[in-house]
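Before any comments, here is the structure.
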Amino acid sequence: MTVPISAYLMLSVGLLVLGMLGVIRRRNPLLLLLSIELMLNAGNVALIGFSRQWNDPSGQIFALVVMVVAAAEVVIGLGLTVAVFRSRMNLDVDEMSSMKG
Amino acid sequence: MATTLAWIILLLPLLGGITLAAWPGEPPRATVRLIGIGSIAVAFVLALSIFVNMLGNAPTDRTFTSNLYEWISIGGTSLDLSILVDPLSLMMVLIITGVGLLIHVFSAEYMEHDRDYRRFFAEMNLFVFSMLLLVLAGNFFFLIVGWAFVGLASYLLIGFWYERPSAVAAAKKAFVMNVIGDVGLVLGAFLIMRTLGTLDYQQAFAHADELGQNSGTALAVCLLLFVGAAAKSAQIPLHTWLPDAMEGPTPVSALIHAATMVTAGVYLIVRCHAIFQMSELAGQIIAVIGAITLLMAATVALQQVDIKRVLAWSTVSQIGYMIMAAGLGAYSAAMFHLLMHAFFKAGLFLAAGIVIHALHDEQSLDHMGNLRKYLRVAYFGMGMGCLAIAGFPGFDAFFSKDDILASSLAAGPVGVFCWVVGVIGAFITALYMFRLLFRAFWGPDPKGGYSPAPHPSRWWMAAPVAILGVLSLVGGWIQVPFGWSGINDWLAPVLADVRNPIEPSNADEWITIGFSTAAALGGIALAWWLFAADPERRIRLANIARGPRKVMGDAYDFDRAYDDLFVEPGRELGTVLLDDVEPAGPKGLITGTTAVIRDTARVISASENGLVRTYAFGIVAGLALAGVVLAIVVAGAS
Amino acid sequence: MNYIVGTPLYIMSAVTLLAILTGAFHLKGAARRLPEWIGIGGIVATLAVVTGLWGDSQYGFAGEIHMSRLGILFTWIILVSALAVIALSWGEPAGAGRRPEYIGLILAAATGMMLTVTAGDLIVLFIGIELLSVSLYILCAIEVVRERSLESGLKYLITGAIGTALLIYGFALLYGMTGTTSIEAIGTTLAHAGPLTSQPLLIGSMALIAAALGFKASAVPFHMWTPDVYEGAPTPVTAFMSTGTKTAALGAFLIVFTGAAQGMVSDWRVLIGAIATASMVVGNIGALMQNSVKRMLAWSSIAQAGYLLIGVAVGTQYGARAVAYYLIAYVTMTLAAFAIVILREREVENGDQLVSFTGYGRRRPWAGVVMTLAMLSLAGFPPLAGFIGKFMLFQAAIDGDMLWIAIVGALASVVSVVYYLRVSIVMWSPAPAGEFDGGRRLRIPAPVAAVAVIGGVGIVLLAVLAQPVIDLCQGAAQSLIP
Amino acid sequence: MPWTSLLVIVPFVAAIALAFVPRGNRAAGRTIGIAGALLTLVVSIVIVAMFNRGQGSMQLVDHVNWVQSIGLSWDLGVDGISIWLVLMTTVLFSLGMFAAAQRLPQRGNMFLSLLLLSEVGLLGLFTAGDLVLFYVFWEFMLIPFAFLIWTWGGDERRRAGITFVVYTMVGSLIMLVAIISTAMIARDHIGHLSFLISDLHGVPFSSTASTLLFAGFVLAFAIKLPLWPFHGWLPMAYSQAPIVVTALMAALMSKAGVYGLLRVGVPLFPEGANNLLIPIAILALIGIVYGSLLAWRAPTMRLLVGYSSLAHLGFIVLGIMVFDRMAAQGAVLQMINHGVVVAAAFTIVMIIGRGGGTEDMDKLGGLAKGAPRLAVAFLIVAMASLALPGANSFVGEFFILGGVFNQYTWMAVIAMLGVIYAAVYMLRMYQSTMNGPVKGVSDEGRACEMRRGDALILVPLILIMFFIALWPKALVGATQASTDRAIAPAQVAADRPAAQIVPSGVITGSRP
């Protein structure tokens, strides 16, 4: 039995929307990073799904690349979060609004 | 030859004026006199020589034109700086330089005590130049230039004593009124240019037929030109500036506001008779305006106390006669009266000038009396003038006014109306002039007497008055009914193309002589009864007809009406525009747009609230929007 | 397989590593500048190599790298701005302790940008964009002791990650519709794709890609991070973001839309046009009320992205050419402006505030002239580079039947005049009493001044001698749309 | 020698040189500034001398390709419409330099440098033969003027300058779009992309295109002129700028708008111009009356002259827009007249303001007593300004209105209101300062008397006025061919035979 492409897409869209909502709603940077991870992986699901559909490896290669990138981003994100936490002792991104207007 | 001299005549006063104006430092008074009077004197002599020369030519050979250079070439062809010397313009030149010379001489003494002696002569010379330009111009354009320049000179001289607010206001009024006239003249010129294709006198007149006899165009041209004439010659409804113009020094009033400039309107009509006779209706309108003006002004003159204002209103009235004649087509009669008026009115003004000078700038009749005892020359000049203007048989206006009235009688129904008005006017003229004479020169000294006693003038002032007095007596004999017709003959070459020349019958002449002599004598008699026979009588009668007399005294309230109708609304409108419309409209456009943009900027700034969630939401919402836009476009395209 | 086309990338990667590696050694004296010199040397070498590659398009790594004239031209722009940014960072006190990382990251970001504009494959494009983004996240936050720097970095990271996600998703859909990640092959497929109404996924992918690239180019409505991040980041980094990143993003726009999606230009031109319009309007109005020059320049860069996108929206060769030229002009004038801001920041605290520029032109006339030229050029006054650029963009718009966008652009420019000129006016106003009396005058770092002056001269020269530059741009555009 | 290019290069070089003069060295600054202006004047005189009067098209053209691939070129030349504007610009700037050098403000070298830069802009504009170059100079002159206001203006200089620049730019950027559109549409007709006005002559635009393009251009011109109701920037800019700058703006910058109309608008888009004739003429007429009324009530002399400009420029626009040979030539002549007169008027305002300490008319009075020479000069200028027949401006006004009268009688009649009002407001200004009891000054106002330096500025201006009044043919002779050429297409569009406009031919000494 093959899973139809629409299923992949529905899953991935669901993940994407979840991720988006998370980014918009969450104030904890860790949860933000998690939500972002969700969005990136939504892309991965779609890529792999299409890769299956076309029977073409480049989609999967793409997904691997994305994983690397996601890892890099998370590393930096965590690093920055730690740095912020060190100077503020607070994990609320809404506090980070010294610049606006 | 004649034209070369004419150019020199034209330029002499200008040179004189410029020399005086540009003289470094303060020139000695003798030098001022030499240049100021000398330039006019030479011009007069040259004019006389042209005159003599011209007499030697056959009447048909007395017209000369001369182009100095091509002044402009625009829209296809050109306009020259040209002059036209013919009997009509020469006659005007002689009046301007001749009377002008006398008045300049008079001024030499009259203005002696003024600190701006030099400026006075410079401006007077400028005036003479402008007036010469006006009458010598060979086309409408330079006529308009001269027309405006005399207005400028008049403005300057009315406002000669510029520290006086009243003089300044009077000058401005005169100027603006004259600009209104200029506008009429300019529009008239445009219409001539459009329909006849030329601004040159001779060509325009030669082709005046193309306007169409009694056509609307002809009517429009004539009335537009008449607007100019009315403004310059102080005819209703543009007459209100002239009485105020008496703020200027008396010689100015004599030269500009009596003898020459104000008669330019008459000159214009006579000069353009070829055009004016294309519209009978226009002529009749002009004649009626002249008639109404003469009567109105005469009645106003009755109530004036200021000696110069009496003369000013009398000028308005006398020009009314001329305009009336010109309108009716009695061109040479109009010119005849113009010449005579120049003599006697200049004489009257100068005589009044002696009085004013002697009384240290006192101009009110209430503070005069018995002056014949002190100022004999003035009395002579004033007496001659009064007799002349009243039309006492044998004096100037007896002949010229009769000429006008007789011609009117021969000029159809409108003419008859004009005649009636003219005769009534003659009666009132005699009355108010002799009122002036009797109140100023007869009777007892004024209350409180004179201190110091009026001092008689020296010859600078005396001689011109005497000469003009004599001219008032003998001038009229140049043209005598049933005798000879010097003026008609002289102007014949110019007026040769008049289509229906008015030729009063003997009956017309006799009827007119009878009535006008009666009117003159009646007026003098009444004046004597009122003012001379018993000086107290006028005080006893002071309560008679108060209402009408007040109306006359206020000059029928034209001034106030104009203020209410034109000046104040304009001023108000300007203020409203400046204070309300300007900030709301043109500037409001700016402030409004600025405000909108600034508000938008605030909104945008506020959306940038520093919260990363907002920014994330922005991206997501933007994405949704982008999807929608794209979908709509795609759906729309298919 | 053509590996030669990879040479510029090899060099850049190598010097990036080298620069970072110097951190392992305790450098002293003149050698402290070693990372900078490595970077400069590497960039100059790369410039030379890349110039040698100018010519017809060459593909490398089985088509993964597409060394087109467009790519080369954009690489030049990127490298020159990277060079300028290194110069602008000369003696930057904040990064003093971490020169190797700092320079290395700039080089890495530049490499990413290069990769973006020379990508022949969606994957490479993505890697390029991510390389530049990730490097810039760190660069923004590199002054870890300064809270605003951190805030800037984190904000950029979070919003940037969303952008990345959208980009991936867009690419995924595009891949799903075409079955290939090769940009050239995608172009061929799309040219023959049927009516879009039946392919909602393609619509979605375009919207996603436009959003993601728009984010990188800071176009409205994906711009909101820009002012905060620009303000908080170290100023040389801000300069790099507004020049290098913009160039890479516009390059990606051109490659994906004008190039690959050329066949569907009538579908997406309104979308991009709308984004351009919104950017011009919002960017210019947003800049009006700013008191910090840096922040004002951030808003201005949003607006400038709008102008640039006009050239993308029309989807023609004219448009691409105009984008290329305007980028050159924009980079020149932006660098000049930032150079002056950096100068001022070195001299006083809050040097980015507009008030601290009061009378600066009177004290340092050459700086005043450069800043005035930059502002006038940004505002589009002739006869400066910015004018020629806008002229070409408007020309392209009208040529492409998008008159309305030219009119909007014109009116938006009017608004921009207000804030650009405000800077110039302030610079030439009388200084507050006592401001410049004391001995607070610091020595100006020569490289910063050099950037300013070269930028100022460039603004004029790019206009006066525009013809050869435009010829280059023409060549680049032709490589995109034959 | 590329004389026409020198016209632009000389002041530019001088301006740059001035920027390098050390701040303290004002003497050197003065020398360079005045020398630069005078040298430019010499160049312009050479150009006038070399000018061929019979030729209608551009002459002495310097053409260098600039950015060929986008159609830009450096193309400068002169024709009858621009030749006198060029000369007037160099003359007025020379005089302005003298005026500025006499009372050099703080940072005077910069002031002179900016003045020269604005001269560059104006001269470039008046000689540009390429639409883009036209636009380049159009904007180029804005900046120095704006900086002159910002740096040396009155208390509200910031706002005044910004308003001035932004308002102007609304028009000019729309014009830029119109310029590009013109070339793009014309490309199909010409065969290649070209912004050369000579190439664009005679390109048949569709009626709609022609109208829209013309409108696009006219907006810019209307703002620069300014045409009512686009004058919102004027009162602020005129009253805040240093008076020398105000004078130059009123005298020369306003001509840029008129010049554009005659150089670009009407010749290139005859049909559009014809379609918009009546609306624009009505705006001009409103401007005449509106400006006059405001001038009547204006509180300061500066504003009075400024608002009067609004009215005067209304006449000029009217003269161009009726497509009548006589009116158009009158308008060209009037451009010069207005420039000279308004410059002189502002000079007088400057002298009075300097001596009397205020430009508020109602606070002064009777100055003629202490300043008789100034009074004479003022009177001459006032008479020229109100277009007294015989004055130089009357020549222009007469033929403008004569032409207007030929085509649209009602317009001429309404415009005449402006003639009457002119007398009212100019006399108000003259009388309230010069006449009446002495007021607001000590020593009978001797401080207001014209000094030698003032005479250096006023006397040449007055001499020019007299020259034009006495022999306008000298000017008109050179403008004729070009003006005819400029309006001929519009006459055709208006269904009038282009050759003979006045019904029976002409006005004349010699009837046809």
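Per-chain residue numbering starts at 1, and chain names A, B, C and D are given in the order in which the chains are listed.
Rule of thumb we're sticking to: a residue touches a chain if its C-beta (ideal position, glycine included) is under 8 Å from a C-beta of that chain, and two chains touch if they have at least 3 such contacts.
In this text, all values refer to a predicted model and were calculated from it rather than measured experimentally.
In this assembly, the chain whose C-alpha centre lies farthest from chain D is A.
No other pair of chains has as many C-beta pairs in contact as B-D. A straight line joining the Cα centres of chain C and chain D is 43 Å long. Distance from the chain A centre to the chain C centre is 26 Å, each centre being the mean of its Cα atoms. Rounded to whole angstrom units, the spacing between the C-alpha centres of chain A and chain B is 96. With centres taken as mean Cα positions, chain D sits 65 Å from chain A.
Across the assembly, chain A contributes residues 20, 23, 32, 93, 96, 98-101 that each touch 2 or more other chains.
Residue positions 605, 608, 610, 612, 616, 620 of chain B each touch two or more of the other chains.
Every pair of chains that touch is listed here: A-B, A-C, B-C, B-D, C-D. Taken together, the chain A residues at the contact with chain B in this complex read 20, 23-27, 32, 93-94, 96-101. Chain contact summary for the complex, chain C toward chain D: residues 362, 365, 376, 380-383, 387-388, 391-392, 394-395, 398-399, 403, 406-407, 410-411, 413-414, 417-418, 421-422, 424-425, 428-429, 466-467, 470-471, 474.
Across the complex, chain C meets chain B through its residues 154-155, 158-159, 162-163, 166, 195-197, 200, 203-204, 206-208, 210-211, 214-215, 220-225, 227-228, 266-268, 270-271, 274-275, 282, 285-286, 288-289, 415. Residues 597-598, 600-602, 604-605, 607-608, 610, 612, 614-616, 618-623, 625-627, 629-631, 633-635, 637-638 of chain B are the ones touching chain C in the complex.
Chain C makes touch with chain A in their complex at residues 122-123, 126-127, 130, 134, 137-138, 141, 144, 147-148, 150-155, 157-158, 161-162, 164-166, 168-169, 171-173, 175-176, 179-181, 227-228, 231-232, 289-290, 295.
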